[in-house]
Each structure stands twice: as C-alpha cells, then as structure tokens.
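Letters A, B, C, D and E name the chains as they come in the text, with residue numbers starting at 1 for each one.
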Amino acid sequence: ACGDNGGSSDEAGGSNAKKPKIGVILPDSKSSARWEGADRKYLKAAFDAAGVESDIQNAQNDKTAFQTIADQMITNGVNVLMIVNLDSGTGKAVLDKAKSQGVATIDYDRLTLGGSAQYYVSFDNEAVGKLQGEGLSKCLTDKGVKNPSIAYLNGSPTDNNATLFKNGYDSVLKPKFDSKEYTKVADDSVPAWDNAQAATIFEQQLTKAGGKIDGVLAANDGLGNAAISVLKKNKLNGKVPVTGQDATKEGLQNILAGDQCMTVYKAVKKEADAAAELAIALAKGERKDTGQTVKDPEGGRDVPSVLLEPKAIYKDNVKDVVADGYVTKEELCTGAFAKLCTDAGVS
Amino acid sequence: MSATPLLELRGIDKSFGPVQVLRDVAFAAHAGEVTALVGDNGAGKSTLVKCISGIHPTDAGEFVFDGRPVTINSPRDAAALGIEVVYQDLALCDNLDIVQNMFLGREKRSGIVLDEPTMEQMAAETLAGLSVRTVKSLRQHVASLSGGQRQTVAIAKAVLWNSRLVILDEPTAALGVAQTAQVLELVRRLADNGLAVVLISHNMNDVFAVSDRIAALYLGQMVAQVKTTDITHSQVVELITAGRSGSLGLTGEPGGNGAAPADTTPGAVR
Amino acid sequence: MSATPLLELRGIDKSFGPVQVLRDVAFAAHAGEVTALVGDNGAGKSTLVKCISGIHPTDAGEFVFDGRPVTINSPRDAAALGIEVVYQDLALCDNLDIVQNMFLGREKRSGIVLDEPTMEQMAAETLAGLSVRTVKSLRQHVASLSGGQRQTVAIAKAVLWNSRLVILDEPTAALGVAQTAQVLELVRRLADNGLAVVLISHNMNDVFAVSDRIAALYLGQMVAQVKTTDITHSQVVELITAGRSGSLGLTGEPGGNGAAPADTTPGAVR
Amino acid sequence: MTAIVVKKEGPAGVTPTPTVGSHVNNYWRRVRGGDIGALPAVVMLVALAVGFSIARPSFFTAGNLANLFTQGAAVTLIAMGLVFVLLLGEIDLSAGFASGVCAAILANVVTVLGYPWYVAVLSAVVTGVVIGTVLGLLVAKVGIPSFVVTLAGFLAFQGVVLTLMDEGANIAVRDDVLVAIANRNLSPVLGWSLAAVAVAGYAAVQLLRHRNRAARGLLTDPIAVVAARIAGLAVILGVAVYVLNLERSRNVLVVSLKGVPIVVPIIAILLVVWTFVLQRTSYGRHIYAVGGNAEAARRAGINVDRIRISVFIICSSMAAIGGIVAASRANSVDPNTGGSNVLLYAVGAAVIGGTSLFGGKGRVLDAVLGGAVVAVIDNGMGLMGYSSGVKFVVTGVVLLAAATIDALSRRRAAATGTR
Amino acid sequence: MTAIVVKKEGPAGVTPTPTVGSHVNNYWRRVRGGDIGALPAVVMLVALAVGFSIARPSFFTAGNLANLFTQGAAVTLIAMGLVFVLLLGEIDLSAGFASGVCAAILANVVTVLGYPWYVAVLSAVVTGVVIGTVLGLLVAKVGIPSFVVTLAGFLAFQGVVLTLMDEGANIAVRDDVLVAIANRNLSPVLGWSLAAVAVAGYAAVQLLRHRNRAARGLLTDPIAVVAARIAGLAVILGVAVYVLNLERSRNVLVVSLKGVPIVVPIIAILLVVWTFVLQRTSYGRHIYAVGGNAEAARRAGINVDRIRISVFIICSSMAAIGGIVAASRANSVDPNTGGSNVLLYAVGAAVIGGTSLFGGKGRVLDAVLGGAVVAVIDNGMGLMGYSSGVKFVVTGVVLLAAATIDALSRRRAAATGTR
C-alpha cells in the first residue's frame, strides 16, 4: 500500500502536492543530547540536500504528544513518517494509522514490535549495553581490582531503552556476578535520567556500601558525570572506573581527565544519513533494498533494516570522535583540557 | 409556660487552650418563653451558644433537653433536636445566593432534583415578613448584600423550619428601625407559638420589651437568671458590668488574680 | 464650626453591574461636627462610605476636600488626605494579632526593625480608653475575639492616627452598654478636637445624642441633610422609611418602575 | 433570573420587565459589567483557532477538528473530575498517576489475564473509586492537607504503575472495543440521531422549567429567549456533526474516515451528568457550600467529611475513565501513562476555564472549555514545526496570551463590583 | 508573650505571672492544646531518623549527615523562596525550571563564555530577579491567576533551558569556587567560630529585647527562660558542628574529609535574613496581612500589588540560588535541572513544615524543616535498595506517615479551638 500517495492531497496538503514531504518524530530531548543536538541537524541537512520538505518534531517523552504530533503530520500531508517510538504500543498505533492513510513509515533507532514500518534503521541498543559492560570489566582489569564491587546507575525506569541497555550490560556482567568474580552492591534506576537525582542516588549507594564501590556502570554520560561529582567530593575520582554513553563533550572531557573510563559513541550522522536516504526514496515512491532484515518477534515479520555498530570510546580513541566531526576540537579542548587533548592525540 | 425547661444546661466549662471562657455555667430555656441572655462584650454569650449548637465541644457539664440528658457533638445533632441558631457571625456562604443559603442543608426536592421554584417562593414569603425592601433579587449572592440584608437572611434561614428552640445571637445589631421592630415581633410570635426562644442583645430596651426571663453572664459565669418582671433596667446593667446588683449576682469579691473566685455561687437562678 | 465643609460630595452615582445603588448623592461633612448618616438597610450608606474611602470607584460625581477638588482612587489616597474609616465589615486580618492589626500599614519602626514595645504600649492605652476589659492578651489573634472585641479593635485602629475625617460605619452595633457609651463619648471628643466625624447608626437615640447634623439616605438618594436641632426623632424615622417627611425629602411619588423618579431634588441640604 | 421580593414597595434598582429586548439589553449590561460566564473561554478558543488557522491552514480542516477531540479527551476527563476537588479548595496531585494505575489495571486485566473488555473497564473504575476513597479518608478523617496526601499519592502511584508494568515494560491493549473508544467514529447517522436527541432533551427541560415557573408566577425568561437558546444549541451541534461527518480520509480508496469520534458523546454525557449533579441536586449544592464556607456548611448540618471524601472518589473515578481513554488512544499502557504534564495540564484546564483554586467557584463545563483550550494549543503547536525548546517557550507564551483575555475581562468584573 | 490591657479590672482568664514554672507550665498547656509550632516537624524528623537508623545503620553516620545537607540544599532553598509566594496564597509552579534557567545561565557564563564565577553567580541571580518581576507583574497587574502564569512559566522556562543547553546537551561546571559550594567543607575551626558567632548574636538579640521590654514595663519571659533558649541553641549548634567536624573520609590516607559543608552556613544565613524580614520588618508584616486578608490590607493602605510582585521576585531569586547549588552539586547543568520532582518536593517541603497553601500562615523555618524531612526520606530510601517501583511506593507511604504526625497534632489544636 505504500508509495501510493497520489490523489491523497486533495484536502489536506494541497499546497505542496508536488514536493514530497517527510515527517520525523524524535522521542525526547532530555535522556540524551543526540536527538535535538545531532539527529535533527543531520536529518535536516540530508533532506534539504535532497530537496524534500521535512518536518522534525520532538515528543518530549510524552506519549500523548507523540500521537498528537503524528496526527498533525498526517494532517499536514507528509508522504513518509519516520518515528522513534516511545514504546511499542503507541508506536504501533501511529504506524497503523499512518498506513491506513497511505503514509509510508520508517522505524528510526527503535523497532516497533508488531508494527508495520517499511524500514528499520538503528544502532543496536543491546549492543550499546554490551559495550558498556565489556568496557567496565576492561577498565577494572586494567586497574587490577580483585573481586570488585559494582554499582549500577540505570536509566529511567519508564524508558524502554534503559531496559535494553541494561539487558546488554547484564549479559556481560551477570555471569561474573554469578561466578562471584564481581559483586553487585547496588542497582538503582534514575527517574527521568535526572542528573541531580542521580547524584543523590549514587551518594547513597556509596554510603550504603560503606564507601566500597570499585566500578560504576552508568547508563549515559550525564549519569556518569553525576557519579563522578560524588566521587570527586570523596576524592575517589579516577580510582573508580565509570562508564557512559553518547560521547558528549562533558563525557569525553571526563575521559580525558581520567575520571571516566569509557563512553559509547554512536555515529549518529551515519544513522541519520541512512534513514534519510531511505525516506527520500520512499517519498519518491521508490523502494530500496537494504540487504539486511531484523525479525520482529511480535509481528513475526522480517523488517528490512540498516543496522549500525556503536563504538566504545576510551582515552586512546577519543580522537576518533573528533575526527568524525561529532565533537569539534575547539569545544572539547578548552582551558585545562588543551593539554590533555594533546596527550590523547586529539587534533 | 411549662414547668420543666425545654433546654437546661448545668455546670458547663469551656476553655480555649489556656483561657477559660465559661466556668460552671447553668442556663435554662423554657418553651413558650423568650429568655434574654445578656452580658458584656467577651462575657462568653456567643461561646455558650456555640456550645449548645454543637460547634464547640464543652470541657464539662450536662445538657438536658425536654427532660432527657443529651449529648450534642455537632450542629447536626442540635438540628436533630430542633435547635435553630442565628449566629453572631452569620455563617453564610458568600458564593451562594439568598435562596440557596436559606435552604442550605435542607433543600426542597422533587425526586432527586432540587425544587427551585418552591424554595424561591418560600424564601420570598419569609423575607417579605421581615420588612426587607431593598433586596433586588433572591438570586443575588449574599456577598453583595448590605450588613442588614445579610443579617435578615440569616434570621429568615433560622425561622423557616419547624424547630423547638430558636437562639438568636444579637440578631438586630445591623438592622434598621423598622426591621428591628419586625424581628422583635417575630421573636414574640415564635414564643407565643410555644417555641423556646433565646435572644442575645446588648439593647436593654429590646430585652425588656420582649423577654420573659433574663440570664446574665459576667466574665464567663452565670450571675443571675430571673424573671424580667422581677428586675429593673439598671439592675441588669449593674449585673452586666459589675457581676452583681444588690442580692443578685456574685457574692465574693473579685479575686486578685484577675478572675472572680472559684467559690462563687452560680447566681440566683429561679 | 467652619463655613466650608471639610469634605463635600456632589452628584455621586454608583452602580454594581446593572444595579444602581447611589444616584446623584450630595453629602458634606464639617470639621468640628458629627454628621450622622442614617438610612434603611440597603439604602447605600456603606457603599457611600466605601466610595469616599476609595474602595469602590464612583461612576460619576465630584469630591471636594478642604475646598479643593480631589480624586480618591484607593484607600491610600484617602489615608493621605487624613480620612480614617471603621468599616461595617471591620476588615481585620484574622491571622494577625490585635497590635499587628491596629498598626497595619503604619507600623512604628526604629530603623528598619519593627518597634513592637512601642506599638504594644500605644495599643494598650488606646484600648483601655474604650472600656475593653475581657481581652486576655494583646497578642491574641483577632480571629479568636468576640464580636464586640473585634469591633473595638477596629475602632481603636481608626482613632490611633492624626486624621482629619473619621467615618464610623455602625461602630456600636456589637458593643455592650458601657462600651457604646465610651465610643459615643469618643466620637464627641474627636469632633470637639476639630475633626470631622461621620457616624452611621440605626440607633436614633445615639444619633440624637451626639450628632450635629443628620443626613438621610433613602434607596440610594440623599433625601435630607439638616441640623439635628431642626428635626425630630419621628421625622428622621419617616425619612428613613418613606423617603420624606413633611417638607423634607422626596417631592415626587415613587415611580412605577420600582425607583423614585429621576427628577427628585436631592433633599433639603443646608 | 430575578424576583421581586415585596412588590408593593419599589426597590431602588431597575427590575427588568421580562421582554426579549430587556433580556438582550440585560445580558449586554452584564457582559460589559464583566459578568461573563463562559464567554472568555469561548473568545480564547476562537482567537486561538483563528491564529492557528492563519499560521497553518491545515489547522482548519475536518480531520484536524476530529483529532482535536481525541487528543484532548484524556486531559479533559481528568480535569472534569478535578473540578470537584478544586470546588472544595482541595487539590489532587495524584490524579494523573491515578489514571495511570487504572489504565495499568485495565491493560493487565484485558491483555495479561485475558478477561473481556467490560471486566477490565469495571476493574479500572473500581480501582479509581478505591483510590479516591483512600485519599478522601486521609484528607477528611486524618486531616492531612490534600496537597501532602496527593503528593504522597503522586509518588506512590508512580511506583504502583511501574510495578504493575513489570518495572518498565509496556502492555499492549488490543481489544477491539477498548481500542475503538479513542480511535473509531460513530456512523454519520448515529451522530445525527444523538445530536437530535440532545437538542430534543434540552428543549424539553427548558420548556418544562419555563412552564413550571410561569405557572407559579415566578419571574421567567421570555419564551423567545428560551427558544433562541434551544436553536443556538441545535445550530452548534448541527454544524459540529456536519463537519465531523465529512470525509476526512486522505485516501478514500484505502479507508473511509468520517463521523463523530466515539469519545465525543462520552465526554458530552459525562458533562451533562456532572453538570446535573452540581447544579440540580442537593449534593452539588453542598459541594459549593463547603467550598465557599466550610464552617457555614457544617453549621447548616452538612456532613462536610462525607462531601470531602466523595469529591476525591469522583475525581479518581474520572481519572480512571481518563486513563481508559488514554490507554485506548495509545493502544497500550506504559509506565509513563498519566505522567509528565498530564496533571498540570488537567489542573490548568480547569483553572483556565474559570475554576478557582480557593474553592466555591467552578463548573464542569469550565474543565471542558479549558481542556479544549489546552488541546487547541497543543494541537496548533504541533503544526508549527518548532524545535522542542522553542516549542515549549511558544506554548507557554500562547497559554499566557489566552489567559490574558480571561484576566482582563475578569478585572472589569472586579472593577464594577460584580464578582 | 501576653499583656494585661487594663490592670484595674481582672480579666476572666488566668494571666500568667511570669515565672519559670508558669512559663514551662504554660508551654506544656499550649502543647497539649495543640499550639505546637515547629514541634511536629521535629518529631517527624526524629521518627524518620530513628526508623532509618534501625533499618540501615549506615544512615546514622557523620558522613551521611553531611550528605543529607548537600542533598537537600537545593530543594530547601527553593522551598524557602516558595514560602513567600505561598504566604500570599499564590503558587509558583515555575520555580523549579526557573532554577534550571538560572543554572543554565550560570553554566553558560562560566563555562562557555569563560567569565569568573562571581559574574556567573550575579548573572544567575539577576536572571532570577527578572523572571520573578515578569511573573509578579503578570499576576499583580494583569490579574492572571498565579497558577496559570506559572504553568506557562513552567512550560516556557523548560524550553529556555533546552535552548540554552543547545537542545539537550550538558554543560560542565568546573570552576573551583562554584564546585566548592555544594562539595567542600568549612575548616573545623571556621565551623566552630561561625557557631560561636551565631550563638553570641542570638544571645545579644534576646537579651536586648528582654531589657527593652522590661524597661517599658511590658510583660517579658523570665530571664531564666531566655537563658535556657540561648543555651538550647548553643547545644544544638555545638553538637551539629562537633559531628560534622568528625573525620568521615573512607580512607584518611587518601583524603581527610571533615567540617561543616559550605551550604550549611549559606542556608543558615538565608534563614536568619528571611526570618528577620518576615518577623521584624513592616514589609514582612504586610506579607502576612495580604495573605490573611488582601482586602483588609488594601484598606489599610498597603500597596498589595507591590507586595505581590516582590514575593515572586524573592521566590525566583531563591530559585536562582537553589539552581546554583544544584549546578555545583552536579558539577554540571543538564536540561533536567530543576525539573522532575524538584518543584513538587519544594512545595511539599513548605507545606509539610506547616505553611498553608491558602496564605497567611507559614515561616521560612517551615521550609527548612520540611526540606529536611524530604531530604531525610530521600536519603534513607536511597539506602534501602528497593527497586524503583517499590521505592516510589515506600517514599509515598513514608511521606504520608510523617504527615500524619503533624495532622494529628493539628487536629488537637482545632478541637481545643486554638488554631
């Protein structure tokens, strides 16, 4: 049914019947800086370059808003709808509604289970978690800590992605807990990814553990930074490895300073470009072969997919992120970090 | 005039925190009679009324109603006994109109639906009997009424019902000449219809005009409860301001610690 | 007694939405005199007072104070002219104590710090002059005062200041015999000290006892403003209830549409 | 509605002789005096609609109108319940997450346990009643301020939803009936019939009341005014149904999309029922009394505690219904259901409509109109294509601009003394 | 403090002769009568502390006590400002995100623009003042209900933070002075000196007042009671400083960690200043008056609008300070700063401490005590190791239990007529 959008613009999108139009719904702006800071920028650039009209909105982690935006985009006459779902339920409702109105759809970054999207473009979130788990154990090994005590700072309890990340790092660390090689001393979720709450939560984890925490699995750089601020207060920073995600400027600086052990970099630009390419094709009524599929366990469907690899970043490969243009040297290497940048070979 | 009083109070004590406002108060109201309750500002008249109507719990003392001991824990208990009160602070809902206030808590209904026409008619009739001429509309919010109009509404609200005891706490304070006369007439009429009426007033002329008995409170103590015919204007004023007058009232000297001594007799009640 | 009045109002109109409460009211208050403002419930007395004190804006009319035309848009303007008012609805802050209420808006300070001892002393002295005997503490919240005690606080608050015009809206309504006498005496004393005093009261005895002039409002119109010595008790009552008495008051017949006709003369002001 | 108390003596004010002319005249005087009822909210809505239509022509389409109703439904339903609590001067911060809890129960019963839809709906509503009872008891009997009780509820229910959702998963709702609530439409014929029934019912009530009052010699509105009111309702409903019955599918070949969304009659019926309860029953009267002056109500023999408990029950039950609609619209329930801005939007809707936070003043219609304002703003902003930061800012500014209309008219009311 | 008005005539009540015995007696009578001031909040705190200490012994350590202060600081500071707004019966929903905006300004000025810390702090506070002025003008002059104005602010400021944060990035705060605020401690000696200064200042004020009143023949508390009060403060401060001066480092070889956290004197000074403003200046008196009866205040010639605007300025400025402390504590500012539960916790802190939402009743100390209750609950819950769902539920229940203590004592007060 997709690609057939002729004659649909008789009442709604009459003004721009010729120029294809693509709608994108981003999930939120607070769990990660990437959505507003990177994805929006890259997607917009790609659409502009291809000469298609685009409408990029953010649902602010609000399902109702998410559906409202979808309704509005369909009303506005988009030909392709690209969504990052907040959960599969609403995601499916939106996709089905779009399909019923002859709008093509793409699942961006998150697969909608039981959904009907034409394509799925993503980083594998469980893979992200896996990298974090592996990163933490690598850092602990480097430090030579015996039988380390580990604390978890998970993402928002209401965010399905946080669950996926956790599945990822659990798959690495749980066997070590089971084998008594590591000890898990604390495991808390941070409501709404709130950094201020994260600091309190971590401080209490530390108090509860009597100060004995040897490694922190923080789900993203913001949470990691909150943990580091508490560690600093106790002069433990640099001694306790902390993980992260998103390769934020702050996170990279923490890595350069030695306070954070690793972060996970997702080359958002690649993901955005791939998705934009597919969307533009759909908008023009073409179909592209991705050569790859992902099985939707709920819908039992093989969804044509583009899957990208996340990348673990340690001190020695911070320069890769800069080289990718994700963070510029100017913003990263300010003040005291200039020397650290040089040491780490960032140019 | 009945032999046993409709309402009789004995040994009522009431304190607000550290301040004792009523001490060992005895009081009686007879059916078919108007009992005037007099006393200086702050003597405890309104407090006594609020104890009777269940707004304030008492610290000690007993209530006898119609010969039977009763406990009154809330205004609903008082209403159930047939006690209606016009409070000094009126207690109207400013956000409701005149009719709604008058029937508050006892709305007329047909089925589950409020019977507004009936209520409006009844309210209009009652108010007409109280010489209210300047109220523009029965659907006016009471917030926009003048002081006297508010007071009239409160009085009208209390006399709408088939009650057995009506207590009016300074009902004519804000009323004009004609309205005051109407209310005093109403008070007399209620008593003549066999109700017990308690009237609180600072106006001695009014008190002597309508009351059958006079009870005087002095600094929280009941110093006298006598027939109106047995007492003079100036004696009452003396009781109010000094707590005694000749053989009536407190017997001891007012003590040093600010209060009348505890061994005072509760006044010559007869 | 001065020739020009301290305060003179001319042609005051005031409506609340569709309801006209004051129509073409003229009124004068002279320094050194007590002017009694009388009228039936709902006649518009309190509304007139609130217009003078800047609480209600007027729809039309002019204010002349001390010979100069003035505009009064808020209570602060009135206070600046030296006008003090005791409102019928008292306007006390229930969450403040007696002293705090009495000095509200004009606290005594030493530096930026409130001078509590001075205020407490001044409050105690003023209240002592008003026969208040039952107030337990000046630090009591006014919410816990009796009706008469509240009224006394409101009066004390208004007379604390060096004002030129004092308006008292039914100040003795809730007061006892002794307190009423004290307040009337105070009213007289204020006038004798050269202030202009306006007294609203429903009690004709009080009015005739202290006033120099009487102004009568009838259904929102000023029907007469005469010297107290030129009028009798019953004439005033007639003015209040019927709007005219002999040659005084309204000249036309009350019209069909509920109101007195518009061409009424504003009463015999002299 | 005015009545002369004593007819022999003419009161000072002008008592209107009931003619059409004087009625219109009077209304206009009331409006100029600032006594305006629903007018500011309506003006706000019109202003917003015009503004958005100019900025984005797609705002002004049948499809968007239909969306508007389903988008605003959940918040409006919660706001309707909140009006009762606000009328007492209380607050219910937990209403949002209470709707989440009820939605979670619904999803668990229908999807996980596999019971039919009506069992699920019943469980959800019963959950709402239980929640309301607990909150009400704590406020009325223990005497904890409602802000604190419902703040505790806000936290606890959030946890309950999480727990019911297995710490973060979401549960799909696929039952056809449940999904239909917020996603399907009445057939055009049914839409017309319902509208006809509504107009007929309204006419019957109005005419009966008119006859009843006239028979007792009480002041009545002229019959022409009554007729005009009925005609007005008929026109509004007629236009609405007509527009909603237009074809709004973007691709008629694929699917036909027309008719009144099912949530519309649900909201309408609840609006009528609750308005009836508040305006025409003694229970409703008592709510206003307690909100206006709890002490006076107590002295009048009203069981204040019972009233207080009951409004919390109503509020939580309406939250349950709101939760059901939200679950239907999302086809699922997740741990955030009823979270984020739901509560503030719902309270905001009631307040914007004219309900006072201090109690004693407000109508259920306020919540519906305020909910419409919130929904229109949200809907319109969704068409503008701002980045998220700018969108928040503009939403705030538009909300403020809308509220200013209301504030200025009310200021007039205060100035002329009619409040 | 009581005074006999007319000494010749004995009033009916017992006027206490000012002796130590009668004073103690009187206090006890007041407590039994339910007039209890800060007592319930203190009882709540003790109960919570005992409960958590039993459940988790690590709660009862010097280190955790020190953490407690820094964890609760931001919310407490915001709550202190909110007290002013609540005293007028208004609400400021935007205080949380206002603190976020100010923190974002701080971070931008110090990190992105590279100005020194005092410029950043100044900019943040000035931003707070500007925000408060705008809110206050809208409420006082335009007449929009504060709930709506600050709901709009809540939305708009959220957007402003996002925009200032480049649509979602974090900005690190690495300036030493700023980081020190919430993370460093006073030297033990400085701690002791400050405590000594505080006690001496309090003693001076109390004794001076005593002498002043006694000189005028006004009723005074017996000198022994005054002395006892001073001694009480000395003991409390002494114990607190002593405990906070204990070594609490996990590893003394690595680092020594002792002393009073720097936020403590900041909060203490603000507490003293604002308490002085509310209790001892006519401005403070006017705030209570407007909150108690705005019409009476207006009639007393108080410029109600100006008071109304000023409290919003105070509230937003305190929010700015709260935002600075939050930024310091997190060493960074993210778009969530001041978001999530910050606002509800802050209002809750004020209300739990005893501030009324209806205006006219409350003290700044309430906010500090309430903030302590909230912080203790949060701190204790963090040690329990519940899953997040259970944690929310238990937090709600504990909050409720704490509030019940307060409610029951206040019910006593209402029953005996002392409110």
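One rule holds in what follows: contacts are C-beta pairs under 8 Å (C-beta built on N, C-alpha and C of every residue); 3 or more make two chains touch, one makes a residue touch a chain.
The structure presented is a predicted model; accordingly, all values stated were derived computationally and were not measured.
Least step count on the touch graph, subunit A to subunit D: 1. Ranking all chains by how far their C-alpha centres lie from the centre of subunit B, first place goes to A. When the interfaces C-E and A-E are ranked by C-beta pairs in contact, the top one is A-E.
With each centre defined as the average position of its C-alpha atoms, the distance from subunit B to subunit D rounds to 44 Å.
If you average the CA atoms of subunit C and of subunit D, the two centres end up 46 Å from each other.
Distance from the subunit A centre to the subunit E centre is 39 Å, each centre being the mean of its Cα atoms. Of all residues in subunit B, those touching 2 or more other chains are 16, 19, 42, 132-136, 144, 219, listed in ascending order. Residues of subunit E in contact with two or more other chains: 9, 11-13, 15, 162, 167, 387-389, 391, 417-418.
Multi-chain contact residues, meaning those touching two or more other chains, occur in subunit A at positions 29, 36, 40, 157, 189. The part of subunit B that touches subunit C in the complex is made up of residues 16, 19, 39-43, 46-47, 88-89, 132-136, 144-149, 152, 170, 173-180, 202, 204, 219, 237, 240-241. Interface of subunit D with subunit B (complex): residues 1-3, 5-6, 9, 11-13, 15, 212-213, 216, 218, 280-282, 285-286, 288-289, 291-293, 295-303, 360-361, 417-419. Residues 29-30, 32-37, 40, 157, 186-189, 191-197, 199-201, 203-205, 207-208, 210-212, 221-222, 225-226, 228-229, 232-236, 248-250, 253, 334-336 of subunit A touch subunit E in their complex. Those residues of subunit E that touch subunit A in the complex are listed here as 56, 58-59, 61, 63-64, 67, 71, 74, 114, 162, 165-172, 174, 179, 183, 249-251, 254-255, 257, 326, 329-332, 334-337, 339-342, 378-379, 381-383, 385, 387-389, 391. Contacts from subunit C toward subunit E in the complex involve residues 53, 55, 74-76, 79, 85, 87, 91-96, 100, 104-107, 109, 112-114, 117, 120-121, 124, 127-128, 132-139, 141, 143-144.
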